[in-house]
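Same chain, two partners: chain A is paired with chain B first, then with chain C.
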Partner chain A sequence: MSTHSSRTAGRLMVSPSVIVLFIWMVVPLAITIFFSFRFYRLLSPGRERWVGFDNYAWFLNSPDFWVAILNTLLLVIGVLIITVVFGILIALLIDQPVWGQGILRILVISPFFVMPPVAASIWENLFMHPQNGLLAAASRGLGQEPILYLEAYPMASIIFIVSWEWLPFATLILLTALQSMSSEQLEAAEMDGASAFNRFRFMTLPHLKRAITVVVLIQTIFLLGIFGEIFTTTQGGPGSASTTLPYMIYKQALIAKDVGRAAAGGIIAVILANIVAIGLMRAIGKNIDA
Partner chain B sequence: MARAVTTQTKVTYTIAAWAVALLIFFPVLWTILTSFKTEASAVASPPELLGADWTLQNYTDVWARSDYPRFFWNSVWISIGSTLLGLVIAIPAAWSMAFVPGKRTKDLLMWMLSTKMMPAVGVLIPMYLIFQKTGLFDTRIGLILALMLINLPIIIWMLYTYFKEIPGEILEAARMDGASLKNEILYILTPMAVPGIASTLLLNVILAWNEAFWTITLTTINAAPLSAFIASFSAPQGLFYAKLSAASTMAIAPILILGWFSQKQLVRGLTFGAVK
Partner chain C sequence: MTRPLRALLGATAVCAFAAAAIAQTTITVATVNNGDMIRMQGLMDDFYAKNPDIKVEWVTLEENVLRQNVTTDIATGGGQYDVMTIGTYEVPIWGKQNWLVSLNDLPADYDAGDILPAIAGGLTVDGNLLAAPFYGESSMVMYRKDLMEKAGMAMPDAPTWADIEKAAAAMTDKDAGIYGVCLRGKAGWGENMAFLTAMSNSFGARWFDENWVAQFDQPEWKATLDFYLNLMTNYGPPGASGNGFNENLTLFNQGKCGMWIDATVAASFVTGKDSTVADSVGFALAPDNGLGKRGNWLWAWSLAIPSSSKKQDAAKAFINWATNKDYLALVASKEGWANVPPGTRTSLYSNAEYAKVPFAKMTIDSINSADPTNPTVKPVPYVGVQFVAIPEFAGIATSVGELFSAALAGQMTADEALAKAQTLTADEMKAAGYN
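So, the complex of A and B:
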């Protein structure tokens, strides 16, 4: 079916996508690299000049940088562990014979459709607010002092909020994968005396491998860029306690108006993301047939 | 399901599953409930439920704030506009990769997905400056372009997995019967492709609606959608809880309802056909 003319037509049809994605990838990246070697502050115009690797040196030597790297890793890994572990448990529960499975799916997936600033704002104000939040009321009801969640435990609170947003996604995908499992095989294993744990360990978990890979891949793409939740709740604070790499670059760019240093930070973020991406793309390449 | 299940087990599982599901859903439910309370009732301690003062005032208040509808319509324009533009570019590409695959098709698809891996902050500065210089900053068309670009790989991937399931033999059979290319596309391919295109559209409207990086950094007032509105509404002092909840409910309700209808396709779409 692929004659010469149809191949040419095929290229013509693909090229607009390739061209816009290529421009989208290369042009901003080239400009960022260019700026990363320049002294360029919007607040001191006319002093632009080449500074070699100074911006990179500043970024890498800034005490905030290592905090930001650690926070970014904590956020990604923390949310991945929470969503995958609880996702499997909840999916297993909903996959049992229960009444109203359709409604259960809808209830569970709902948080995924809540836009990040709204999710963050709901948790910040209606739940974690030390005066009026529901959690503060619960603490008072138990005779305890309300906990200042976002001030005292900013990263843990953000990980919790982001996990709430992504748990539905993980659960729904794992549930869908579970439902494609052959129940005859499981029953046969049960009759042969395999314990519930062994059935899970040797049958269910291997079956879920592909779904787990996909959950990890997709979530990592989105989690590395988490921004709206931090912007809405802690603004990276107190101090830099909840500053992640994206938020640190944002602060450098749009608040400090230091284009050069922010660009260097951007390039560092791109390099780190690529390291993660190469590993993940290998995994997805094996698990998804294109 | 051949397994015999006693009613008692089923009741136990049902109670446990509903408890977990309601716990996960509770923050959304609580927000909706709070949006119908008076401000005094919303911050009452202990929290009021049955004895609360119910009102629709918050919705009329939020809507009457002259700027809310503008944020709302910006969200509508940007999410639908970017998705439609993305589909126009993606449909031919996904089509030809699915029906006339070459040796490099898989590499090309992987490369497209890899552009999603680039952290948005990495290119924030150039985007900011390009948008400033070209006059796209704080315009709907600028955000439509930006969101189209970030979602394009996902749109192409989703369409590709849907198109790949259309059997090529049907086309050949139609050709044998002398169908013209126009008829082939109009009467055979289009009807089979429409469901896939529809769910791609739905999911990408949801993704674009909820996008909260470019919509916040590339707008100030004119083109700012609901994500920016809610972000700026944070930390309300004292008496704005009910209004915040009403604004939040209005920001998420359209997408929540769309989402409920598309949750089956969501799994397939967002896992690029790997989990069905």
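So, the complex of A and C:
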């Protein structure tokens, strides 16, 4: 029942927070854009100048760049698939009434509370290490040469570690969605002779659709910026086999101390994130309104 | 008492407190979380007893984080720190930018003439000592005497690379999980490239010729990389492309390496209480190829004062205390001679007590055989043994290190890695305006 004046008043009331949020976003973005067109290396003072698109050109021509883009997308998509598929399966499993359910759920969720570099370090040194790791010991026990996970399959190993961390998040969200499902409906369907698979396919899955969308959207935002796990385990290597866009920017910013190039990389990352976000919203965002 | 009088008295009391606070100068010291630095923080009572008017606040960081922090701070004129712990790579670069305060005017008891010439040379720019060395290190061969004996061999004090290969072949026993040699493979200018650059010096290679032209297309670099890859593929541990200093230290302490060529400071760790092979470690100079240069590096963690510091006198007093001969004696009296920060002073190595430390002689011989101002067989335009003291080096060498690490992992051949390294280095040097 808003009148014209009350709507104007409403807009005035929210405007301070909107303006603050806008500045919060625009100022850093503007500074990054500004630096991305500059030659600005911390260790070569006095040589700052405008260089047009040179910094962007360097990124686009770098042999590592397309590898990094591919790895970034691979990481996001790989982790999303693993966490959603296994998240649904685990959620279905721990939704069953079993003895010790509370403790079981806490155990399943706990990897999410381990800090990323710690998780990566544990996997690197206690499991995947070719001399001291548990997996290497298992391989030797079977008479096999230990597999060099982080050297031979760096990207797959990182996807696995990140999935291990994010699986609990997906499980948690999907489990809450499952719990809101009406058991009467499921029983009714069962009495009508619907098979277990059909109940899952036509009742559970549609019910989970919105929760899956939330999982995919939230995880994508975080996965695009995954850095700690790579920094701790492979350092983007061997070579550039596990270099992602954030890691490439890190190298320019903090090892080469080249602010100009790092800023250009940051802008490229913003563009990539927007493309992915728009694509995602088009594809599945409508589920949220439903 | 009337109320205004009471207020006045109160205000005076506050002022008195404030005056006392001003008399005490607080300096902020950024340092690296190495054992020797942590030990210094435990000995601060001695400093406070001698300098009651100075208070020291510590910012202790891991090596890479420290480097990022202090570099960003000094390059942007942040002025957070009064004393920074920096290495031999930073000093010549920062000195050229006039970012550091000269330490030539430290008190006479500092005895700058006592600093080892090789170390002082790397920390001096245009005749000004810009950083006071806290500890210095070179690299050397650490090997298992018991395994060498079992193989019926003896390690010469000054081995050649051929000796190293022979020893590695003899000690390797993969079924028992013993690998002849452990070397750095993890990419990074301070990781595999520190080792490989120092190694390349003994093969007659160099990063740049006199005109700053990259030299990775030269046969000396090919010989270096081929030898390294051959050695590591045949006698090194699996997964070596991920091994840096700490990983190799663990492997050596677990008894999984026959030899390890790395920093001299590791000697006190491999003979220390965490090592399962402490009793059977021998030391030798880093190998050579008879070309006049050995494959060892030179590094010194040093204390420097940024020009932006407003408390330079207090900072100098602290540096004088921390890097003075008296500090070495203080550590020796509390923790024993083996724990004294090594590699900075001539007098330490003429001390009869210190000579009893098993790795003392090999450390000083290694340091003395490195020359940062004349590091290579052929002439070069740069300073630095395992690095090139130009601002662009850290970025370039990290990228080159990735290529060599990929070659070690078998993702590319030595020739591909060298060709890419050559293109990459040439492009970067052009972009930076060297040629």
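By our rule, the second predicted complex is superposed on the first by the 253 of 290 C-alpha atoms of A that agree within 3 Å, B and C clash if a C-alpha of one lies under 4 Å from a C-alpha of the other, contacts with A are read in each partner's own complex, and residues count from 1 in each chain.
Here is the rule we use: a residue touches a chain if its C-beta (ideal position, glycine included) is under 8 Å from a C-beta of that chain, and two chains touch if they have at least 3 such contacts.
All values reported here derive from a predicted model rather than from experimental measurement.
Engineer: Have a look and say if chain B or chain C is in touch with more residues of chain A.
Structural biologist: Of chain B and chain C, B contacts more residues of chain A.
Engineer: Let me test your reading of the model: by the given contact rule, A:Pro45 touches which partner, first (chain B), second (chain C), both or neither?
Structural biologist: The answer is second: A:Pro45 touches chain C but not chain B.
Engineer: So, A:Pro28: does it touch chain B (first), chain C (second), both, or neither?
Structural biologist: Only chain B is touched by A:Pro28; chain C is not.
Engineer: Contacts for A:Gly279 in the overlay, against chain B (first) and chain C (second): which applies, first, second, both or neither?
Structural biologist: It touches nothing on chain B or chain C.
Engineer: Is A:Pro130 contacted by the first partner chain B, the second partner chain C, both or neither?
Structural biologist: second
Engineer: Is A:Leu254 contacted by the first partner chain B, the second partner chain C, both or neither?
Structural biologist: After superposition on chain A, A:Leu254 lies in contact with both partners, chain B and chain C.
Engineer: So chain A touches chain B in one structure and chain C in the other; where do those two contact lists coincide?
Structural biologist: Residues common to the chain A contacts of chain C and of chain B are 131-132, 233, 254, listed in rising order.
Engineer: Any idea which chain C residues touch chain A in the complex?
Structural biologist: 68, 71-72, 75-76, 93, 97, 177, 186-189, 237-239, 241-242, 250-251, 254, 256, 391-392, 394-396, 398-399, 402-403, 405-406, 408-409, 411-412, 420, 431-433
Engineer: For chain A, which residues count as touching chain C in their complex?
Structural biologist: Chain A reaches chain C through residues 41-45, 47, 58, 63, 129-132, 145-146, 148, 150-152, 233-241, 251-252, 254-258.
Engineer: Tell me, which parts of chain B touch chain A in their complex?
Structural biologist: Going by the criterion above, the answer is residues 1-3, 5, 9-10, 13-14, 16-18, 20-22, 24-25, 27-28, 30-31, 34, 42-43, 45-47, 89-90, 92-93, 95-97, 99-102, 105-106, 108-110, 112-130, 149, 152-153, 156, 160, 168, 171-172, 206, 209-210, 212-213, 216-217, 226-228, 230-231, 233-236, 238, 241, 244-245, 248, 251-252, 255-256, 258-260, 263, 266-267, 270-276.
Engineer: Any idea which chain A residues touch chain B in the complex?
Structural biologist: 1-2, 6-7, 9-11, 13-14, 16-18, 20-21, 24-25, 27-29, 31-32, 35, 90, 93-94, 96-100, 104-127, 131-132, 134, 137, 140-141, 164, 167-169, 172-173, 176-177, 180, 183-184, 187, 210-211, 214, 218, 221, 224-225, 227-228, 231-233, 245-246, 249-250, 253-254, 259, 262-263, 265-267, 269-270, 273-274, 276-277, 280-281, 284-285, 287-288, 290
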